[in-house]
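Each in structure tokens, the structures are laid out below.
You will see subunit A twice below: alongside subunit B first, and alongside subunit C after that.
On to the complex of A and B.
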């Protein structure tokens, strides 16, 4: 009992120290190291300032070439640029922050502005009439084959976060698998193995079996477990505000797009005749209705993973924006009330939001896995067997 | 006051974004409220079905929330434009 009491006290003390430190930080530091001196009441500069503030929140949830730690301290990550015909160029993102003072360029040809990288031709910066630099830009999907692009395969914040989560998952699950090998499945699980076993059994018993069915779930269980733990660990790592975490991986639409596409591919690959029959040529209705229903059902097949993609992306992004906005409120209101008091209020609110986001992170991983299981279950269902089961039940 | 008017006249995006996000929050509130109310009713009627009802309610709440967040994303896009 005493031990628990002591632990509680230590935790409370740490919490208050953190609060105090954060409030002091709110009072003294400038929220945006790049911003101009204090804005005056004139409309023009005021607007400029509010724009910068908005940009800052979006900046923190967006991908970046380096990890901001505090103030002017960063963790530098490598940039890997492939320029067709000229080969690879690898350098640290530190150079992005020290452009040449006369030309504004990095390494003689790169121009970096608001998180976007360009290669300018001829060694000096020229802007076109839209304000974009003339030269090459990073390739998008629509630019494949174009000569005015370069391919940016840098280890960015998100790439780093992704790799970190993969390494963590490998460490956790290889050790769990070793524990099963060493102790067998009959003895009681211990430690990490114990923690993981309950979650694995939850995915198996509450997601895979009810939605895919006793007979077929085993084939899809590895995929369901993988996406569940992958999404969950990325949600959790995204909530860590400092260096190793803090990359907004699962709030990135590309990440959720790939996961949703994989789920859709499973439906396409393992979809049974019964499933496709009910989509493409609905039995028991006349031909015009069959065609109409086929279009409708095809849209519904694609819209389900689309909804999965948007749901995960929007939930995680909204959570990050909420937390950033509450913390940003400190800097907006501090001149009215005073840094310490508003710092305490916003710290408490953001702590609450973090707790809520822990819950949301787990629920979203659960929902994504569950809806994937539902999609797969509908696709692999065999019509005749079900009738037999029903007959047996009656 | 003139500041607000200037912002309104210059761009309708933030206004639309605010109204849109607010309406989405109203809709999501009604939806989640209905789900919660019915779940509580169901649990009161059949306490032994607590786990099944809770799981289903969470899933449906996530659906409703998902739609509200679609609107939030669109509001963000509208604000940026």
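On to the complex of A and C.
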């Protein structure tokens, strides 16, 4: 009893010291930007960016070429640039912070501004009327094949988080698999093995079997398990506020886009005759209605993974924005009621949001897996329960 | 890097890492884990089934045992009953035999007594006869002397005899 009390007291003390330090930081950071002499060549917009940059919420949720630690300290990550016809160029993101003072370029051709990278031809920077440099820009998924782009496969903050989660998952589950080999099947599972087994069995018994069916679930179970744990661990890693966590991987549209596309591909690859028959040529109605229903059903097939993509992205991003906004509130309102008091209130409130986000992280992984299983289940179904897929779509 | 337009690099890395993850986990994690879980489930089902069977066997054994016990009790009761009957029979027989013996002894004793009595009576009669003869002798001797006295003596003797 005494030991637990002592532990609680120490934890509480640490918590309040942390709060105090946080609030003090909030107060002290106030006068600094005003007392600092503003460099004359900087524009007003730039000055505001550098001051508020520490709590720029959109900057936090977006990807970045380097991993910010605190203040001006970063973990530098490698940039890998592929320019068609010119090959690969690999360099550390540290160089982005030290452009050539005369041309404003990095390595003679790159121009970096507000997280965006451009390639300027001829070593001479020229801005168009939108303030963008004339030259090639980093390709998005929508501009693949365009001649004005280069391909940027840099290890960014999100790529780093992604690879970290892959490594963690491999370590966790291969060690769990080893535990089975070591302990055999006669002894009860223990520790990590036990914890993971209950979740694996949950995915198997409460997601895969009810939605895909006893006969066919086994083929899709590895995929469902992988996306469930992949999404969950990235949700959790995204909540860790310091390096190496904190990359908003599962709240990035690229992450959810790939997973949702793969789920859609599974439907296309494994969709049975029964499924396509009901989508493309609905039985029992006249021909104009058949065509109308085919269009409607095709939209529904594509809109389901689209909804998956947006749901996960929006939920996780919203959580990050909310937590960052509440923390940022300290700096917004500190002049009204004083830094310490508002620091305590916002810290408590953001702690609450963190707990909520832990829950959301698990729930979103569950929902994504469940709806994927439901899509697959509807596609591979051969029976006559054609209304199941419509009912579960909501 | 815009919010809603997936960047090429991240999609590229995402595809690679997801497929690497899926393939490695499928082979080195999900397969052994799911197989082990399946094996354990099977062995648990098997163990439960064999436990049920054992229970059934135990129940039949128990009922058999009970039947044997009941049979044994019955046997025991019969034997006890027989023993009791035998005991009573023996006791009764012994009692009758004793009674008969006693009766026989009593009768023999009585006969003996009678015989002895008869013997005594006969002896007494003989004695009385001898006495009578002696008396008659004495009387005769007396009569020969004094008739009065003889009479007197006679009378006295007779008196004595009657008293005896």
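Going forward, the second predicted complex is superposed on the first by the 346 of 394 C-alpha atoms of A that agree within 3 Å, B and C clash if a C-alpha of one lies under 4 Å from a C-alpha of the other, contacts with A are read in each partner's own complex, and residues count from 1 in each chain.
Keep in mind that, in the parts below, a residue touches a chain if its C-beta (ideal position, glycine included) is under 8 Å from a C-beta of that chain, and two chains touch if they have at least 3 such contacts.
Predicted model only: the values in this text are computed from it and were never measured.
**Student:** Considering only the touch criterion stated at the top, classify A:367 as touching first (subunit B), second (subunit C), both, or neither.
**Tutor:** A:367 sits against subunit B, while subunit C stays out of touch.
**Student:** Touching A:286 in the superposition: subunit B (first), subunit C (second), both, neither?
**Tutor:** Neither partner.
**Student:** Tell me which touches more residues of subunit A here: subunit C or subunit B.
**Tutor:** C
**Student:** Please indicate which partner A:98 is in contact with in the superposed arrangement: first for subunit B, second for subunit C, both, or neither.
**Tutor:** Once the two structures are laid over each other on A, A:98 reaches no partner at all.
**Student:** Taking the superposition on A as described, I'd like to know which of subunit B and subunit C A:315 touches: first, second, both or neither.
**Tutor:** The answer is first: A:315 touches subunit B but not subunit C.
**Student:** Would you sort A:138 into first (subunit B), second (subunit C), both or neither based on which partner it touches?
**Tutor:** Only subunit C; A:138 stays clear of subunit B.
**Student:** Taking the superposition as given, does A:197 touch the first partner, subunit B, the second, subunit C, both, or neither?
**Tutor:** Only subunit C; A:197 stays clear of subunit B.
**Student:** Going by the contact rule set out at the top, does A:307 touch subunit B (first), subunit C (second), both, or neither?
**Tutor:** In the superposition, A:307 touches subunit B alone.
**Student:** Taking the superposition as given, does A:206 touch the first partner, subunit B, the second, subunit C, both, or neither?
**Tutor:** The first partner, subunit B, only.
**Student:** In the superposed view, which residues of subunit A touch subunit B and also subunit C?
**Tutor:** In the superposed arrangement, which is not itself an observed complex, subunit A uses residues 317 for both subunit B and subunit C.
**Student:** Can you tell me which positions in subunit B touch subunit A when the two form their complex?
**Tutor:** Within the complex, subunit B touches subunit A at residues 3, 6, 55, 58-59, 62, 65-66, 69-70, 72-73, 76.
**Student:** Which residues of subunit C touch subunit A in the complex?
**Tutor:** 1-15, 17-18, 20-22, 24-26, 28-34, 36-37, 39-40, 43
**Student:** Which residues of subunit A touch subunit C in their complex?
**Tutor:** 58, 61-64, 80, 115-116, 138-142, 144, 151-156, 158-159, 162-163, 166, 169-170, 173-174, 176-177, 180-181, 185-186, 196-197, 200-201, 204, 221-223, 225-226, 230, 252-255, 257-259, 262, 317
**Student:** Can you name the residues of subunit A that touch subunit B in the complex?
**Tutor:** 43, 46, 206, 307, 310-311, 313-315, 317-318, 321, 363-364, 366-367, 370
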